[in-house]
Amino acid sequence: MLGSLFIIQTLNGIQFGVMLFLLAAGLTLVFGIMNFVNMMHGALYMTGAYVAATLYNKTGLFVMSLLLVVPITVAIGAVLERFVFKHLYDRDHLDQVLCTYGFILIFNEMARSFWGPSPYFMGMPDALSDTYEVLGVGYPVYRLVIVAAGLLAAIGAYVLIHQTRFGMLIRAGASDRAMVAGLGVNINLLNTMIFGLGAGLAGLAGALAAPILSVEPGMGETVLILTVVVIVIGGIGSVRGAFYAALIVGLVDTIGRSMLPFVFESFLSSSLAGAAGPAVASMIIYLLMALVLAFRPNGLFPVRGR
Amino acid sequence: MSAPSLNRPALPAFAVWLVVLAAAALVLLPIAARYAETPYYVVLVTRLLIFAVAATALNLVLGFGGMVSFGHSLFMGIGAYSVALCSYFGIGNGWAHLAFAIVVSAFAAMATGAVALRTRGVAFIMITLAFAQMFYFLVISLKEFGGDDGLPISMGSRFGFVDLKNPTTLYYTTFGVLALLIYGSYRLYHARFGLVLRGCMINEDRMRALGFPTTTYKLVAYVLSGCVAGISGLLLANLTMFASPSYASWTVSGDLMIMVVLGGTGTVMGPAFGAFAFLLIEDLLKRFTDHWIGGVGVMIVLIGLLARRGLWGSLPGRPR
Amino acid sequence: ADLKIGFLATLSGSIGAMGQDQYDGFMLGLEQMGGKLGGKTIEVVKEDDQFKPDVGVQVAQKLISEDKVPIITGVSYSNVMMAINKKITDAGVFLIGSASGPSPMAGAACSPLFFSTSWQNDQMSEAVGKYATEKGYKKIFAMGPNFQGWKDALAGFRRYYKEPFVKELHTPLNQMDLSAEMAQIALAKPDAVFAHYAGGLGVNFIKQYRQAGLLGKIPLIVVATVDGLTLPALNETALGVMTAQVWAPDTDNAANKAFVEAFEKKYGRIPSNFAAQAYDSAKLLDVAIGQVKGDLSNKEAFAAALKNAKFESVRGKFAFNNNNFPIENFNLLEVGKDAKGRVSMVTKGVLLVDQKDAYHQECPMK
Amino acid sequence: MNGVNPALSTRGLVKRFSGVLASDNVDFDLLPGEVHAIIGPNGAGKTTFIKQITGEHFPTAGRITLGDTDITRMRTDRRILLGLGRSFQVTSVLRDLTVLENVILAVQAKSGHSFKFWHRAVEASELREPALATLADVGLRAKADLPSRVLAYGELRQLEMAMVIASNPQVLLLDEPMAGMGTVESRLMVELLQSFRGRFSTILVEHDMDAVFALADRISVLVYGRIIATGSPAEIRENPQVRASYLGEAA
Amino acid sequence: MLLAVDRVESSYDATQVLFGVSIGVAAGDFVTLLGRNGMGRSTLINTIMGFIKPRAGTILFDGKPIQARPCHEVARYGIGLVPEGRRVFPTLTVYENLIAFQRGERNRAAAWTVDRVYKLFPRLKERKGQLAATLSGGEQQMLAIARALVTNPRLLILDEATEGLAPLVSEEIWSSLRELRREGLSIIVTDKNLKPLLDLASRHYVLSKGRVVWEGTSEEFNGRQDELKAYLGV
């Protein structure tokens, strides 16, 4: 039983990692490439979830609801960038933290006003709510959809950043915005696009999560911290790093959580193991982060040349 | 050639007056409150003073050293639980509380700082946040000590005949701590250590090239700041006679940061004024609308966009 | 107004739904009595504790010494309750809780000035523990978030269920994705699952339990996880979940029918038990204040009036125990459809009759 | 080496980057008090050589000794305390501090530890006196109390030099100190460096040949990571190999 | 006139740096800006490029006013910049630094492409996969020049054209600039080596304290060397 549990948990870990990657990819672009501290990434994730839920409840069209979230959150991100965040690029991190933190409060309050303080409903079509038999355990089909969507996004982001001219310009802008403009590239538009892209990915992640998680104000905060841990482990600004780190965090967290109790039970008394297990489990990724930083202060895959 | 002056940054006269007036008002408040029979104001202002202490502590790293810590609530939490745990085990001696708070804060600051200070910029901000969250969830899972319900405190801190249980005593103690802290940070700002710290904020690479082991200095500042924030937690615990994991929640860290910026990052007096201003504005907004959190959000966005020097730093003459 | 009453609850932020329901329930009661309790016109001073104990202490202090209210009611969460209760009762102010009932306040720290119109936190799990025993489940898989509430719930469940658990899980409080745990349940193949996830966590839990194909296959017994506040977010996803409560929208008595109808009419939603309990607290105050003719200066008299108040509770029979917590029935509820076809809590029977909480003997009051 | 102990020397220094041999078995001696210029084509490995001495890069192989101490793998700040001084481009003065504070920090760095929390640094005579003396050396005494951000370009370079020499280093490393300077400023800098003659042992990397020939006691030529010639300025100027690979008409 | 700067005034925050500067560059002109450090040459260049918005005055490029246009549009009109301090993109490889900004190569027969600049600077070709951050100072300067060329500008501006370059390479730069001028490119240069500038340039502007204090040809310059010495400190 331990063996099949391990395999299932690996699958779960990958799925969790992919979900984290969707969030981390957008945030690492904004953090690393624009050198902008965006605390409200989680708020965009929440927005994605609410928008998806509302659209699905109104139209009953599942896939369309999820897909529509992307342009909507891209637009929200772009508008915010255009009118507010643009003015903060040349300021220190503190001002950026404050401004985006303020927006978390504003977004949460808006969600609370529009949709009420209680969680909001989001279901999913029957076809997706089936399970698929893996080693005698029903594995939700929808989770496989998430894995597929996340992998697609990962490949897309990698190609975009590392293989296209657009990606080169983005990376160039990370180190010297003014010079990029001085060579004839509309850097403002570029920034808006990156921010929009990040927002879109966050929105998509939120939309994908909406059917599994509770859609409520503040749902973005816990996820934000987890995402940041992923980014720090992966190396800030590196999409590739974010991908591997997301998988590592997903796997370590999921497998650690379910396997640790067995490990503890094997050498501790059961009551002690029962107490130590959950405590360590809740800290396991922070410990992982501390470990990584102790050996590689710039993360596992730092952007080279900085 | 005239000899270079001793470089004493003159505090503009009216700024001196402002400080003196504010101090006088604070000293007189409990007396006035007694005559007006409004003891509530003593409690209210004690809380403001406690947050002023915490904000000033944060300013030591954030304003003087450029370390944007998003996890200072960690130390407030530790300070509060020091009192609660001592009380839980029947210890009412304030010195024991204080020693416990300082030692544990220092230890936590050392451990988390050693990891966090390996990074800079965004990563530093986020790691400090993560550590505070870690503590938060740790406390919540400790059933023995009340978990998320928190731990009521039966024995407040008693320093000989000074018993913080008495609201007026607590008030004046907090006021004294704040005054001492502000004077201390003024001295620190100009002392060798402060100079090195400010140098690190402006250009850490250059400081390293000058031969300063910068991380060590930053770590010492971080530990110092953590200890002071721990003391503010101790005071808060005495005010509420209660310790709760929520003292260490990330919104508290955010609030502290806002107070510092609102008052004036890196100024000596600013953070205290910022704490007062922020909490009073919050209180005011709450009276007008149920959606006051959104209002606070708007205010914070505006502070981030506009308040480059903060309230205190924007006074004419730019006092420190 | 003749009399000021402080209403202190968690009203802001995402966690404020419970406080809002309490407020709406209380105000509905007040409104139905023409803005008067016990014949006295009432001014309600509303304060928000922001889910922060230190703020709770501050606003409580304000209610006590600025507004000089003789009564404070509401209080949503245990952490705030624990921080403020002593401050309030020590100041000679009456505290009528309508939601949270932490164990110390039922036991050693009980107070003649504190009354609860809800229940002690462990009691619902006692009821479902009894249910599990009655059903003859031998293998129960227990899981909840790693915090105080879950540990209390386990203790309560254990009082009425003696079989060992096949597994007891404490998941980190910030963990949203429970798929790893669902896989463990599927592999363990228990007779039933006992869970305690409050608020949004509950929504996560139920959705994922359903998606893992477990709901309908392995019976799910919960406390706190589904209630009137989270049910709208779950809708049909939660059909078939079993829980216990002192009250349900379909609780069968005249007072309740009137209450539910009025509440739905006024607020456009089905009330939660928190609204019902707060509504009861208005009723309770009405009778007690009337008894002493609005004169609250004699605390002992008013305490006695509260304790012996006879009012028509929406939950049916109602009486105070020695510790000022109610003696009441706990009913088995299932998530099902109500008469109008909406997803709601449906009463399936009585589990515990005239139940007293486990701590009342520790309370020195007799 | 005529029995004189070199102030700094490297033996068999190798630094390899993927595909590039930036230092190829460099044996180098810096004699006490001399100005030793290193010239060579772009990408020859001059900066890489300097960075290995400061500790920004660790060599792939070889040894670096400062005085009698092996510093090959030592941390940068320890090297500085041992007497290494290094100039930066102008942007690296601490712009928000006063001129005096900048130099005081440099003195303080050398004086051991700075864990003093109470007394004003600028009033401590053991910091203040040497700092003011250094400012007088570079001709900035009159501007001691100004914030350094208001200084003119040339003055910033003077301040930069003051910070380097304030700690009284034994070995001075100057990587392109004239870069970005106009003719006048270059000449002032040459004069300043002339005035230090004999006080420090200096390694000077520079493409401005006028400055190099005016200042250097000896010159080493680095090409593809290798020292191909070392000698007096006159010898180097006449060396055909150097003329062909580096100097061109400039000689 | 390809570029006509007319009575431009610029400032950083409160401090004014340029006071009514006027210069003109005709098609095919090779113009130098001379002056000591801090006299405003880079500020003038930054103002032309649109990095700084002038407080007053006009700048016409090809007859169109550009003083209020955003920087990237100015560049797109056909101005290529080699900035002071190189400012290559450290996290991109040499090749990426070039290819990302190559444009306009289809409109001209003898256009600058990545391959063509590799011929000009073979050193860059050797290092094409290397991150710009790890290039030596001189290699970075070459890259900065090459990067400006592949945008196929009509006006090339080099601020400190040969800073950090070895003497031999500097000579190569000067001869390539002569070549470019022959191809019809207009050029503005600042550099501290006066001699090659006097050989190459058609027109000089001497700036002092933010004003043009002298302008003229190389012959005129040579004729009044003594007087100009004060401004240049030669």
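Going by the order they are written in, the chains are A, B, C, D and E; count residues from 1 in each one.
Just so it is clear, contacts are C-beta pairs under 8 Å (C-beta built on N, C-alpha and C of every residue); 3 or more make two chains touch, one makes a residue touch a chain.
Computed from a predicted model, the values in this text were never measured in an experiment.
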Checklist line | Mutual neighbours - chains that touch subunit B and subunit D alike | finding: none
Checklist line | Topological distance between subunit A and subunit E, in contact steps | finding: 1
Item checked: Far-end chain from subunit E, centres as C-alpha averages -> C
Next item on the list: Average the CA atoms of each chain to get its centre, and name the chain whose centre is farthest from that of subunit D.
Entry: C
Next item on the list: Provide the C-alpha centroid distance between subunit C and subunit D, rounded to the nearest whole angstrom.
Entry: 74
Item checked: For subunit B paired with subunit E, centre-to-centre distance based on mean C-alpha positions, whole Å -> 52
Next item on the list: State, to the nearest whole Å, the distance from the C-alpha centre of subunit A to the C-alpha centre of subunit B.
Entry: 32
Checklist line | subunit E, residues touching no fewer than two other chains | finding: 134
Notebook entry, point to check: By residue number and range, which residues of subunit C touch two or more other chains?
Noted result: 13, 146, 170, 172-174
Note to self: Quick check: what residues of subunit D touch more than one other chain, meaning two or more?
What the structure shows: none
Notebook entry, point to check: Could you list each pair of chains that touch, in label order?
Noted result: A-B, A-C, A-E, B-C, B-D, D-E
Next item on the list: Could you please specify the touching residues of subunit B with respect to subunit A in the complex?
Entry: 62, 68, 70, 115, 118-119, 121-123, 125-127, 129-131, 133-134, 137-138, 141, 250, 254, 257-258, 261, 265, 291, 293-294, 296-305, 308
Item checked: Residues on subunit E engaged by subunit A in the complex (per definition of touch) -> 49, 51, 70-72, 75-76, 80-81, 83, 87, 89-92, 96-97, 99-101, 103, 131-134, 147-148, 151
Next item on the list: Spell out the residues on subunit C that touch subunit B in their complex, using ranges where they run on.
Entry: 11-13, 48, 51-54, 57-58, 61-62, 64-66, 78-79, 82-83, 86-87, 102, 104, 109, 146-149, 151, 170, 172-174
Checklist line | Complex contacts: residues of subunit B adjacent to subunit D | finding: 1, 4-7, 184, 187-188, 190-196, 198-199, 202-203, 205-213, 217, 220
Margin query: Quick check on the complex: what are the subunit A residues that touch subunit B?
Written below: 31-32, 35, 37, 84, 87-88, 91, 93-106, 108-110, 112-113, 221, 225, 228-229, 231-232, 236, 278-279, 282-283, 286, 289-290, 293-294, 297-299
